[in-house]
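Each of the two complexes below includes chain A, the first together with chain B, the second together with chain C.
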Partner chain A sequence: MSKSKFLSDTLAVTINEFRVLRRNRTAILLSLVVIPFFFTAALGVGSGGAGTSYSVTAKIPIAFIDDDQTVASGRVYAILARSGDFHQLIQGYREDNAIATLGTGKIYAVIVIPKGFQDRLLNDQVGHITVYVDDSVADLGSAIQGNLLKNLQDFNPRLEVQPVRVGVSSPIEIVARGVKFSGFDVGLTVILGLVIIFATFYEIAGGISRESEEGTYARLAVSPIGLGAIMAGKTFYDLGLNAVRALIVCALAVYGYGARPNTDLLTIVGLSLLMALLTMGFGFIISALGLGVRAVIIVEFFLVLFLFAFSGFIIDRELLTGFSKTISYSLPWAYGIEVIRRAVLIGQPLWTMANQLMFVVVSTVVFYGIAYFVLKISRERLVI
Partner chain B sequence: MKELVRDSFAVTVKELKELSRDPVSLALTIMFPILLISIFVVISQAFGASSYNIPVVVADLDGSSVSKVLLDKLTTSPLIRVNQFVQTDEQAVQAVQSGMATGAVIIPKGFGQALLSSGHTYVILQTDNSKLTAPLLVNAALSSSIQAMLDEATQTGYTGALSGFKAAPVDVIIRPISGRPPSGDPFLPGMLGMITILGAFDDIVNAITRERERGTFPRLVLTPINIFSVYMGKMSSTVVINAVRTTLMLIIFALSGLVIRGNIIFIYLTTSLIAVFTLSLGLVISSRVRSSSTLTILEIALTFPLFQLSGAVSSAETLAPEGRALAYSLPWTYGNDAIRRIIYLGVGFNAIAVDILVLLLSSLVLLPIATLLAKRTM
Partner chain C sequence: MLEKAIETHNLTKVFGHFTAVDGLNFDVREGELFGLLGPNGAGKTTTVRMLCTLLEPTTGTATIAGYDLVKEPAKVRRQIGVVSEGVMLYKDLSIEENLKFLSKLYDLSGEKADQRVKELLEMFDFREKAKRQVRALSSGWTKKALICAAILHRPKILFLDEVTSGLDPQSATALRDFTRNLCNQGVTVVWTTHYMTEPEKICDRVGIVYGGRMIQIGSPNDLKRKVSELSVMEIEVSNLSQETIDKIRSVQEICNLRYEPPFLRISCERDDELTEKMTKTLLSEGVKIRAINTLEPTLEEAFIKLTGGEDEIDRILGRNDTDRQVMKERSK
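What follows is the complex of A and B.
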């Protein structure tokens, strides 16, 4: 096949794909609006934008029981009330009543300063504070504990004005280095990866399965257009969609939620397209198996969940052990996500991650090769 | 009324019969919760492990006997694995930047001398902050190693300047009212809620859109059975299937050691209402979205935001203000809240009455809308 025929066939398939998309309003809505917007907005409203900070415990009603009734316990209350982490400290409860109220939704925790708190501190002993917590609220206990320790780590019962230095109570200070960024920026890398993988797989594997069910794929397969041109045409079409999707996610994250990526837009879009190509390769393999649309969607759901657990989306690969770790290190998506994260969050140049990028590229080529081989066999069967 | 009940029952039996004849859907109904929960068990185990092997490099620029003690503590930390000792600060930073290590501990020159003479010094910790949790664990490993070193030093009288040192003036003791460990099973009750939502969405795909695609839905509607009975029948079959899924999940909970403190009947009641609400919403959506694959993909697209916003993973109370407002406007949040409180706190009906009411009212509002829309688009 001549190069120009391959290119013109590829272009024809690409144009056809866009034409089909243009005629399907639901597909446009899902592909370019629902998926990128839902995912990014859910992250933004759930955990706050990059420029905003909020304390998990700030607006949660918490009873404060002072059994010590000393200057020290009074200062603890004052520090907490002023801290910004505890805006709804409620005094006046009796300890047993407060604990009995937990679980009703009126208060979610009870901070108890026990009798003898000041005496212990003045005798250079550690003062204990007990917190009863409604643990039906996920992770509330650790959030309250963290904020109490943060605000009281330099507490001195003898001083009315508490020291302002934070985190240096130990004689050996830990000087933390490394690029800092907001939780939203971290979430952005997760969302970008999820949106790309989720939508791409559906568009390629689901698209071909749907065409197979409708009978249009068989017609396309027996047309003079080569298999390579069909795959290339669908690839270019989906790359175009993914570029738009990556831009939508980035625009929403940057302008809507104040994200500050440490790399340029071109790199982000380029890496997104690399992930899309990898997923497309896998999508072609799945579509070559001749599964129905429903089966493809089920495979997609489990693929995304699988990647969620093993590809470093929410768990660092270093934390996995045994077989989980082996799975994680054999998944090419994990390397792609690592590259996206390092580039977007810490601005690491791409050339320093050549090994990871090479792994992704080689996996993509292998996926495309397998898919081409299997699709070719099924096409020959169709022709025969 | 008698006719409504009889017709609904007939549709329920038909739905269950169809499911039993479709091995793929039947297997999915069973496998779906098992696979989903398996993934989250992996996640829970990763976060709850007592030891890790996070790679760390160390640059001991001091080389004193004091820094050796710190090195000894670092190498025995259960959280990290010191996989290389480097000679310079730059090499340590390079190891982190290249991804070879997640953290680098740099002990500066004069570390031991400063500690012994002034009682105050520092170490540098360079971490790869592009990781989510590993940098925090490296920091925790370094802090605990420093603490262990100081404890040893003060016990042996090794450093006079450090005697009487106290790490923190105040200790906070957390007592969860359920009595379970603070870190135990944070995801499981939320997963029951999510599986109920996803399962019900899948049921609606099976129940309406696929029937439309096969052309059997118009035939069903043209029978003397009232459309309301059709919907009630489909809903009843979902409630039965949901009960099977809930039972399966409760068995998994029991096997994983999760203690259910509340009445199991309330769990079934709550999951049934979550399923009915989801189904009502699905009926409304399916009156517009006709393709089963589009509806399924929409369902999956909704899943991930719902993990964040419906209280499945994080409770609504701990979300940012906008997220909290949005979460409280979703009836699923009330369902997940009720499940969590039944399982963890063992609360009775009075405590979950509001949650139940919200789910019930939401379904009652949506169901007539779905019926109306279905009639219009028939």
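What follows is the complex of A and C.
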């Protein structure tokens, strides 16, 4: 097939998809209004955290910097290390190096015991511990702070000679540092990921299933259009829809719920489209199974549930343990969501997340490759 | 001599353990209107679906307008138009929008495409219906829309699969006339149907498909002559023993006999004296006759007649006693 024929067929399919959408008011309503509005509103109203029964900070690598080098600061380290909440306290970082390392994934927080910590405590003053957290991992900061307070609230440098006073407020104050983001910034990242994946998967896998059921896929199959052009046409159509969808979600999050993303709109839309492409590739693979539209909806339900659990939508994947962590780290969506979070929450430049982006891009290419192959071999399943 | 528009070579399609089409060999000449006749499940639609590249043959191949079906499917698609149950239009779009979209896939562009679409819409008298969504059209108009889509790119070969089913007699006649006209213009048409009377009205030749095999190919006149020689009677009886059934079966003129109590259905060579002969035989065996009806032969009965009886079909299809038993169980 010539290049110009491929392009004209792709364009024809894209335009036709938009034409079909234009003639179907329910689809427009669901695709561009209900899904983005529903998720944004639902998460905006009910934003909260997921409860966990295990110590979520136990396996998180955290830098511990002791600038005080006193008995008291040494005991803080010992208490934390023994606590069961902080198994991966790393010593040896310099404060500026440790802060610079935040966001790279090597460490997720920096606990600093400042100079004069012991003196303040011995003079009945409040001792400050400074905590820097990786703000792209939204729930992590509060989890670390909570566990620090839990372990250190009765800390007393003169423990051997003075019994713990009950009912006295904590002698240690945790000072959180780092980028401050408004409450709904996290919501924006969750909704973006959710809306894009939810809608895109249905549009591609459900779209092809519907075409198969209604006999229009067979119509394409008896015409001279190639499979590549069909896939490309549907991809461009869905990219267009997702660009609109991402803009709607951003507008709602910013103007409706006061989100203040730390990156520009173009980056957010671009990352959303990258996630959409990844999901489209997967959607094409599922469509090759020749499932009915109802079955696709069920698959979508499980996919979204799965991603909810393992991709950092609700539970930060850094907080996962064991096998669930392994699953999470093998899911390309998790990397996409991580990039969106880091970009939106702390404005981390994209080039610093090249590895994550590369993983998403490579996964997308692999998905498309597999999809092309399986759609080719399962052609009969879709036209019967 | 006319060239062959379609030529199949041992065309076979197997789904799992079921052979839907079994080594089909036939050809269709250019400009010919070829009928594929057979009962439901005979393998007609599977054959058409293979010939229009929707299904890949398990073995064998075919040449369509000079292109190999298996090796050059993309080229074959440019030469064919298809009207078949599973090949539909976008329901949310109007017929006009559907045709415009399809014209782009067939490389008809701009004014040329607009002109062709307009021509077709006028030819089928769509008028204001041209802008109506396909889902809002009646089945007759939908069928017209499907034919428009199939002939949009002026294909050399047109496959019309059970195209008159669901149409009123007037529309069916108009469609047959239209198809005949297309053939006169040089288009080759493959027309599949399970209506016995349909091919004799329009087809140049008819191929009878049964059990995935081509049983017979001939002119519709042959078919008509043979079928008209067949008469069917249904006798409501009681006390019918197996010996009596065997005795009746041995009557030479009888092509087929089926007994589903209390009805004894007999198809036989048209013979005015046969009814009397049957009645006498049954009464002499002590069988009580409640009613006798003369009926039109079913397609199955016509096939049995056309193909020389059940034994002949079994011979052609290579069936043994076990297969026959399975078939009987299935038909029950």
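Going forward, the second predicted complex is superposed on the first by the 248 of 384 C-alpha atoms of A that agree within 3 Å, B and C clash if a C-alpha of one lies under 4 Å from a C-alpha of the other, contacts with A are read in each partner's own complex, and residues count from 1 in each chain.
What we mean here is this: contacts are C-beta pairs under 8 Å (C-beta built on N, C-alpha and C of every residue); 3 or more make two chains touch, one makes a residue touch a chain.
This one's a predicted model, so the numbers in the text were calculated from it and none came from an experiment.
J.: Could you say whether A:369 touches chain B, chain C, both of them, or neither, answering first, second, both or neither?
T.: neither
J.: Thinking of the overlay built on chain A, is A:130 touched by chain B (first), by chain C (second), by both, or by neither?
T.: After superposing on A, A:130 lies in contact with chain B but is clear of chain C.
J.: Which partner does A:143 contact after superposing on A: first (chain B), second (chain C), both, neither?
T.: A:143 sits against chain B, while chain C stays out of touch.
J.: Is A:23 contacted by the first partner chain B, the second partner chain C, both or neither?
T.: Second partner only, chain C.
J.: So which one touches more of the residues on chain A, chain B or chain C?
T.: B
J.: In the overlay, answer first, second, both or neither for which of chain B and chain C A:304 touches.
T.: So A:304 only meets chain B here.
J.: Figure out whether A:290 sits in contact with chain B (first) or chain C (second), or with both, or with neither.
T.: Neither chain B nor chain C is touched by A:290.
J.: With both complexes overlaid on chain A, does A:256 touch chain B (first), chain C (second), both or neither?
T.: In the superposition, A:256 touches no partner, neither chain B nor chain C.
J.: Contacts for A:8 in the overlay, against chain B (first) and chain C (second): which applies, first, second, both or neither?
T.: After superposing on A, A:8 lies in contact with chain C but is clear of chain B.
J.: For chain A, give the residues common to its interface with chain B and its interface with chain C.
T.: none
J.: Which bits of chain B are touching chain A when the two form their complex?
T.: 24, 28, 35-36, 39-40, 42-43, 46-47, 49, 52-55, 93, 96-99, 102, 115, 119-135, 137, 139, 142-143, 146-147, 149-150, 161-162, 164-178, 180, 182-183, 186, 190, 289, 291-294, 296-298, 300-305, 308-309, 311, 313-315, 317-323, 326, 337, 340-341, 344-345, 347, 351
J.: What does chain C use to touch chain A in their complex?
T.: These residues of chain C touch chain A: 49, 52-56, 74, 77-78, 80, 82, 84-93, 97, 101-102, 104-107, 133, 149.
J.: Using the touch rule from the top, collect the residues of chain A that touch chain B in their complex.
T.: 26-27, 30, 34-35, 38-39, 41-48, 52, 54, 56, 59-60, 76, 99, 102-104, 108, 121, 124, 126-145, 148-149, 152-157, 169-181, 186, 194, 198, 202, 206, 210, 293-295, 297-298, 300-302, 304-306, 308-310, 312, 314-316, 318-321, 324, 338, 341-342, 345-346, 348, 352-353, 356
J.: Applying the document's contact rule, which stretches of chain A touch chain C when the two form their complex?
T.: 1, 5, 8-9, 11-12, 15-16, 19-20, 23-24, 214-216, 218-226, 379-380, 383-384
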